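The two complexes that follow have chain A in common; it is paired with chain B in the first and with chain C in the second.
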Partner chain A sequence: MNSHFQSAVVSISVTVVAVGIAMAFVLVVLAMMGHAPTTVMSMWLEGSAGNGTRFAMSLQAAGPLLFTGLAAAVAFRCGVWNIGGEGQFLLGAMTMVACGTVMIPPGPAWCALPIACLLASAVAASWALLATVAERWRGAPIVLSTILLNFIAVAVVGMLVEGPLHDPNTTAPQTASMVEHLRLPILVDGTKLHLGVMVGMLAAIGLFIIARWTMIGFEVRVVGLNARAAAVVGIPVWSRQVLVMAVSGGLAGLGGAMQVSGVSGMLSGTSVSYGYAGIAVAMLGRLHPLGIIAAALFMGMLSTGARHLEGRLGIPRDMGDVVQGVVVIAVLVGSMLATQRFMRPAQEP
Partner chain B sequence: MLSLSAISKRFGSVSAVVDVSLTCAAGQVHGLLGENGAGKSTLMNILFGLVTPDAGSIALAGKSVRVFSPHQAQRLGIAMVHQHFALVPILSVVDNIILALDDKLGFADRAKWSQRLRQRAASLHWDINPQAVVGTLAIGQQQRVEILKALLGLDQASNMGAVAKILILDEPTAVLTEQEVDELLPAIRRLASDGVAVLYISHKLDEVARVCDVVTVLRRGRVVHHGTANTPPAQLAALMIGAAIEKPQRTASPAPDSAMSPVIIKNLCLCATNGRVELDDINLNIRAGEIVAIAGVEGNGQSALVEVLLGQRVPTSGSVHGVGSPTQLGYIPDDRHRDALVLSLSLRDNLVLKQYRSLPFSWHGWLSLRQWTVAAKRLISAYDVRALNVFVPVVTLSGGNQQKAVIARELSSQPSIIIAVNPTRGLDIAAATSVLKRLIAARDAGAAVLLIHHDLDEIMSITDRLLVMHEGQLTDTNWPASNRAQISQLMLGHVAGAAT
Partner chain C sequence: MINESLFIIVVAQAVTAAVPLVLAGVGELTAQRAGILNVGIEGLLLTGCIGGFVAATISGNGMIGVGVAMLAAMALASLFAWATVMMRADQMVTGMAINLLAVGGSGTAWMLAQAHGYAHMPVEAGFTRGIVPWISPETQQWLSSWPIIGPIIFDQYGLTIVVGLFTLAVWWLLRRTRAGIIIQAIGENPDSCAMVGIHVRQWRCGLIMVAGACAGLAGAYLSLMRTHGFSPLMSGGMGFIILALVIFARWQVGGLIAVCLGFGLVDATQSLLQGSGMNQVVPYQLFQALPFIVAFSALLIFRRGQHGPATLGQVWPSTIK
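After this line comes the complex of A and B, so read on.
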């Protein structure tokens, strides 16, 4: 049997079982609170995918997670522990808002919008690369520096939102609304499902192709699995790590840009935690681009479904976050067990 | 004292141990011989409680027992010293012992354990400092700590009523220098005369002849021979692999081309950041078509030399010419798991890891995976790598087959320079012989080969020149004009007049 196929079957079944266990756990808790599991499940499905509009809302909720999830997965695959998705996402969003309010790129939408997106990715990528530089220059572990950079990014964005980007018409800490031609087209009337979510899906498919069939994708994988061996066989490890960090930061930034341009049209300076949730999505999607599409959609359905459950049954919507946490733990434990079971070294004399 | 009867164990479709029966008496050293994959370690892991047998039984002093965990094995009076030590390098010797054996709550009594440790060491005529930090000890010393740990465990068990005293040594000499081996073997005899039953796993025939009383040969999981240790080595070897093996015959290199020196090392010095001299004025030319071997006790600068040659470290002074980009070099590293293989990737991906950038394996950045499969299949048949297929993760291969895969990858592109570090470590005779033959073939095809190796016998069976490294200095032994004793002296740093 082809090992690609075998490991895909193992990963998918482990993940499905883990998700099942997590949902069962939460259903048991809810049953103890007096909610019948069948009602909860049908209500959840109805709220998250009951009709086209609801499903579009779930897709929209999945959008930012798709980008931050891909950002985390790209980096983790290469052994670059970029935990800075949060800050990179915010800086991308901030750059997009700046482009939509005070420094509008020239030209019509088909020209200005891509420029703004590129700029947002570039700002976020540069921010991410600070961590790579700090590692190279002073040996600062990326896993720490990216977390710390998140705090700085949140503070910087907060400062800009209350300063140069602040909406003069209000005292609330928020920016002005973006000009209409820098807003992303909405795909489904009556929802906020915007073009950016489709861009995210295309990005995932593109990354899948790169990972599977290109030299650069192969090299990144080898670096992630054994950097020493990669160096010994002549792969430029450092330059691959730089590239990956830039792509990872750029994706997170693009996600932020898409989110403000497609959904809110402005920024209110508060942390959104899409960056951290993206790490959970990456884990749930087993760092596989196509898996991440599914994971982001599942998480999106969790949040819209949880909102529906709150409205109809009075179940706190935080239950959605609980499911998310339990799912991630279950997937991590499950994949460790699967590794022990299926990737065991040969019995040697 | 110990008897195993009709033990069988299957892993999936592979029969690791088939119907093996074995007895071992107190005061006896019982050699267990076999190739990689013959089932030696599986059998011992069954005895030690790490693996549950499918069939068969174990009896200690006539009483049938079931061993289901190493902890329980220890209580029954079975101890095992693994090939890879289980010591904490930053702790002292006595703390390592306490960590393993002191199961009382509360404060550990270091003085008491040090005392026991010294006594035990003295009984083997060993001298050991309980306060020494394990990480600072030589490998041979660390192994003594492991053995003492096992023995103290046995003492503890017998105080608590265990009837047996069985010590399993899994390839104890694999990591030792010759000197250390010469010191270890008498200690094992002494243990036996104290009444311990020793099971000695090895694939080194001469050692088995020196230390064992009886020997059992396993092949493909079955006992193929049982007899006294004075069975002629050639016969044992034949039994192990099932056919007479042909040792590589040293043939003088056809024509080392003096004009062509692919590797020229001049006045090479390397100092560590703390000022310690790692390489001290190394001068070495390696000519096309010759094998130059460097012998020496590990940790005398061999790995530093390799790192400089590979460009991983910058020399303090001096120069290295010739070793270009890693892709033009055949490099067989000491630690294949760390430096050569990506364990979770498939065998195929590992086999093309050096060539995927060139045609036909990739085209303008796109991978031609079909070509990879074709090339990988060709390589595994040419180099006799045994695997289910080329798509299995390389981690599932046995050590010998992993090493063959590394060699297939590194040598198939016919590099002009080859650096091989301990290329046969952990391999059985047949696999080791095939590796050495590959090196000879590469030399005959005109490669300059640098062989850094721990096994003097194997070095002497293939090398053209033999140098010794000690404390960062390289000395030519003028071999074959010098003899083993002189070379051993040089390895220990004694500059004997005759050999220099």
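After this line comes the complex of A and C, so read on.
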């Protein structure tokens, strides 16, 4: 049995066990609140995948998490702690809405839509690169600067939503609706499952290919494992980190653009916390692009299921966040245990 | 004369705003000196907020609220300690997971509290201004009427003096005692410490718990003293600001107090400006973002090459034999 296959088996089983532990924990808590675990589980499955429409809803909820999860994973793989997915996601969404309302790109949909998406990614990537510049120039830790930039981005977006982008026909803090040809096509009638989710899956597969079979993917992984060793063998560490940060920010921004153009078509002042959830998705997917597809789907099911449970049994949907937190800790601890038990320490990323 | 009294009001507000920052910051700073980077401090603050609020509302007693806030935050901190110190999980990601847990847990608790009719705190459960608890109103009023130091020092919540003394004690501990040297040595070189028989893991777990208690108490200050209520996500990123301030203070207790007071001044000035009609001219989101812009600028002012404790945020031991 080769070691690559072995490590994949160990990773997957650790993750599945960790998810099981987290679910069990929450079921116990809910049981103490007087909800029978079997009812909760069947209700959750019914709400998240009970029929085609519900499963499409879960897939749609997985869309933004797929993008923010990939964004976090790309950065973490390279040892760049980009926690700024939240702000980058919002800025991407904001740029998309701006493109769809006040500065509509020229041409029909096949031309205007890609331009708007590129613009959204570019804005988000530049925002992310602020943190890289701050680190290079003044030694500010990226972990912290990206978090602080999140809060600043929320305020910037809020200011634009109530300022230049505000819908003049309402007093509510929201933008006008985007023009029809910049909305993403809906894949399943009667749902909001849009093309963006497919784009996210393609992005994951593309990243998998890049990480696995290209030089640049290899270099990025080496930098993540040991930046000093990477520098010694001649890998341009700084430029790889810049590249990774730009790709990470761009992915988060693209996710925001896809979400807003596929689902709501406008932006209101509320924060969505897809960025922070993306970190949980990345950890649950073990920083592996294909794992992240599965993790995002699970988290999507978690959120639609939680909404269903809130409606039916009155269980606060915030319990979904609790599951996320417990899952991440269980995965982390489980992978450390597995490393000690089944593998030599150096093999775990 | 007007300007002078205005100045005193702003300084007094700055002290009020700085108290939770200093308290949670000192705990975080001490843990960071020992090499523990706890990004979950935001979640611990939030846990303190909701724990204190729920316990005080149900029991009708503020002191019970304070106690429960500290215990709840310590419970969450112990999960962090177990995962990072005992199980060697990554501190950064575990910290973010702690934040997620706290957001979900506090949201759930808040929904349940509302559903069971505990959405409003009885008046007597919250703390009023008073430099020590149970002080007679006359004494408090007399102390507060002193010129200058009256409003700045005496017209504060009871926690202010406690935080002042606690901070002084931590400064002395880090500077003058054997324990302080051990804490710093653990952050610089845990391998050597372990070799001379210092229990690195016990020290680190202990410091995480103390930092958790500090953050919980700071959270209780927010919900029980400053606002007398709870709202979802009420810590609003204060924990992340504290992380920036600790770096800006270069891991020095004295520096931390100065930085927090300076930050409190910015905060007090912005609420003064906002109250005086500036929000007609400047969008209110700018005021909301101001603390984070200041914190980000503080990171930029931080001089390159000045690193914190050598093993900050690293997994220890690095390999398992």
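As a working rule, the second predicted complex is superposed on the first by the 342 of 349 C-alpha atoms of A that agree within 3 Å, B and C clash if a C-alpha of one lies under 4 Å from a C-alpha of the other, contacts with A are read in each partner's own complex, and residues count from 1 in each chain.
Keep this in mind: a contact is a pair of C-beta atoms (placed from the backbone, for glycine too) under 8 Å apart; a residue touches a chain by one contact, two chains touch by 3 or more.
Please read these numbers as outputs of a predicted model, since none were measured by experiment.
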Quiz item: Between chain B (first) and chain C (second), which does A:Met41 come into contact with in this model arrangement: first, second, both, or neither?
Solution: neither
Quiz item: When the two structures are overlaid on chain A, which partner does A:Leu129 contact: first (chain B), second (chain C), both, or neither?
Solution: neither
Practice problem: Determine, for the superposed model, which of the two partners chain B and chain C contacts more residues of chain A. | Solution: C
Quiz item: Does the superposition put A:Thr214 against chain B (first), chain C (second), both, or neither?
Solution: first
Exercise. Applying the touch criterion given at the start, work out whether A:Leu225 contacts chain B, chain C, both or neither, answering first, second, both or neither.
Key: first
Quiz item: Do any residues of chain A touch both chain B and chain C, and if so, which are they?
Solution: 345
Exercise. Show which residues of chain A lie in contact with chain C when the two form their complex.
Key: 33, 81, 83, 134, 137-141, 143-145, 147-149, 151-152, 154-156, 158-159, 162-163, 273, 276-277, 279-280, 283, 314, 316, 318-326, 328-329, 332-333, 336-337, 340, 345
Quiz item: What residues of chain A sit close enough to touch chain B in their complex?
Solution: 1-4, 213-216, 218, 221-222, 225-226, 228-234, 343-349
Practice problem: Provide the residue numbers of chain C that touch chain A in the complex, in ascending order. | Solution: 39, 79, 83, 87-90, 92-94, 96-108, 111-112, 115, 237, 240-241, 243-244, 247, 283, 285-286, 288-289, 292-293, 295-296, 299-306, 319-320
Self-check item: Complex contacts: residues of chain B adjacent to chain A
Solution: 11, 14, 16, 34-42, 51, 310, 312, 325-327, 331, 333, 338-346, 349, 353-354, 356-357, 362, 365-367, 369, 391-393, 395-399
